[in-house]
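Chain nomenclature is as follows: A, B, C and D, assigned in order of appearance, with residue numbering initiated at 1 for each chain independently.
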Amino acid sequence: MAIQVAVCGPRDCTEAERDTAYELGRLLADRGAVVICGGYGGVMAAVAAGARSADGVVVGILSGADRRGANPDLSIIIPTGLGSARNAVIAGSGDAVIAVGCSWGTLSEIAFAARRGDVPVVLIGGWRLLDDAGEPVPGLSHAGTPREALDVTGLWP
Amino acid sequence: MAIQVAVCGPRDCTEAERDTAYELGRLLADRGAVVICGGYGGVMAAVAAGARSADGVVVGILSGADRRGANPDLSIIIPTGLGSARNAVIAGSGDAVIAVGCSWGTLSEIAFAARRGDVPVVLIGGWRLLDDAGEPVPGLSHAGTPREALDVTGLWP
Amino acid sequence: MAIQVAVCGPRDCTEAERDTAYELGRLLADRGAVVICGGYGGVMAAVAAGARSADGVVVGILSGADRRGANPDLSIIIPTGLGSARNAVIAGSGDAVIAVGCSWGTLSEIAFAARRGDVPVVLIGGWRLLDDAGEPVPGLSHAGTPREALDVTGLWP
Amino acid sequence: MAIQVAVCGPRDCTEAERDTAYELGRLLADRGAVVICGGYGGVMAAVAAGARSADGVVVGILSGADRRGANPDLSIIIPTGLGSARNAVIAGSGDAVIAVGCSWGTLSEIAFAARRGDVPVVLIGGWRLLDDAGEPVPGLSHAGTPREALDVTGLWP
């Protein structure tokens, strides 16, 4: 079975985040990983397009009950109809979870991924989380580039 | 994008249902369809094995939150952690939904699939549903063999 | 804690089913049971109205993510946003599950309830399920009236 | 219909968080609000106990498929079987969402609540969220005490 990497990120993203997500998708496909994403626009569309550009497999796990709004670069579409709760499914499906940028939806995925405790969770940009003492909350890794994010996962030693 | 067919059926199945599911998986893969199933044993394992024997792609949408109990022939694993509610996800993911045999879990998938109203729902064996007047409930198709089931879907005219 | 009874039934129901559901709600509230239902129209609205007429507590577990379309007789509203998958939540929440009439959505709830194996599942009217041998599928009880349905549950010996 | 307030917080909480949650539950019940919580231990148990001490109604929305592990102060139990995804249901069920302390699970609920955009989300203690520029992410309110949290919701003007 191929390595599966869930990639999260906002629908409303910056141009830089879009470029990062595209490059991330391309690299993941190059390494033979299946990309799992939310299947819509923004970071989700960019990572799918990047993976497809390298002939990769991309699974879109939609919040909606049908395929409306799905981006055109998905290999497999799972229209869950679960609404926000589908974010838990995305976060649970990766051997690693990588977030590009942040939003409330993305944060829920980061939280679910970190809660698992058994997979690397890597953030490229996005928000920062401080605990009561003002220290970074443990459990998250950070990377500046897609390539660095892949290194940080430890999945390709 | 490839045609996606969701295949449902009990974990505790007969030998005949297992054979039918295997043959169904093989035929679906031969025609280039992605098989979506529940990812565990019985009919789910047989359809996956059949599809894999023909180099097909099989997605297992698990009720559990991790990969424990997943059959060995899945190409992609989505551990939803949703429990029974994942049956709605399976039923919502096919361009057609085919059930081999029946059980309460399978019946929930048949019901969700029929509720969609926009995809063929084909039963090979299993239970029968009669309305108040003793007539078969409309919305379901029946087939005697995997090949006939594929014909009935109308997906390969 | 009060006894909880989940009541299922179609949104598009007959006048007779509506009357039955109202009476069922009234009886359940009289006996101090909390009614769990899908929170929308038809049987769901009638059972809520009946329970409220006897000062009962009714929980509406909505498929939608907000309160739109909820009937006016709910005491507590849980807008799950889960779509069809919320049917699994309803079926899992009762010490007994009673269906008035049938539809694909209702059938999914009956199937989930029967799958639990630990609670009585009682049908008033609706569809009939026959196994491969043409015999009624075991696991479901039948009742002609709301009062009989309550007796059949065995919750008030 | 009564006001509904969802209260989130970690199972493994401090003694101070437990006291805060108990007091919060008591105040909410005093004001006639229904408390929605996750139904297990820690903050969830404390808010339920507090509400019950003032004869309030508490709904426990469990991640498990049965009542195992539910705290003893729930009025109504909804065993969803949804695993982590049930956090989306809790966050969607309040006219306000209040978090006492934090954890990854709690953070997912805060994220889902903030994503709604239509209800106050109030944090008592817990983690801090900074955006890329190091500024607090907008959309969350903060309170030092249960009473202040209730004021901040604006539900009792």
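Just so we're on the same page, contacts are C-beta pairs under 8 Å (C-beta built on N, C-alpha and C of every residue); 3 or more make two chains touch, one makes a residue touch a chain.
None of the values given here were measured: they were computed from a predicted structure.
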item	value
Identified repeat of the A-C interface (over half of residue pairs identical), from B-C, A-B or B-D	B-D
Averaged-CA centre spacing for the pair chain D and chain C, given as whole angstrom	28
Between chain B and chain D, centroid-to-centroid distance (C-alpha), Å	39
Interface hub residues of chain A, defined as touching at least two other chains	65, 80-85, 88-89, 92
Overall pattern in which the protein chains touch one another (line/ring/star/complete/other)	complete
Of chain C, residues touching chain A in the complex	65, 80-85
Contact footprint of chain C on chain D as seen in their complex	1-2, 4, 34, 36, 57, 59, 61, 65, 74-82, 85, 88-89, 92-93
Chain B - residues contacting chain C, complex	82-89, 91-92, 102-105, 107-108, 111-112, 114-115, 125-132, 134, 137, 139
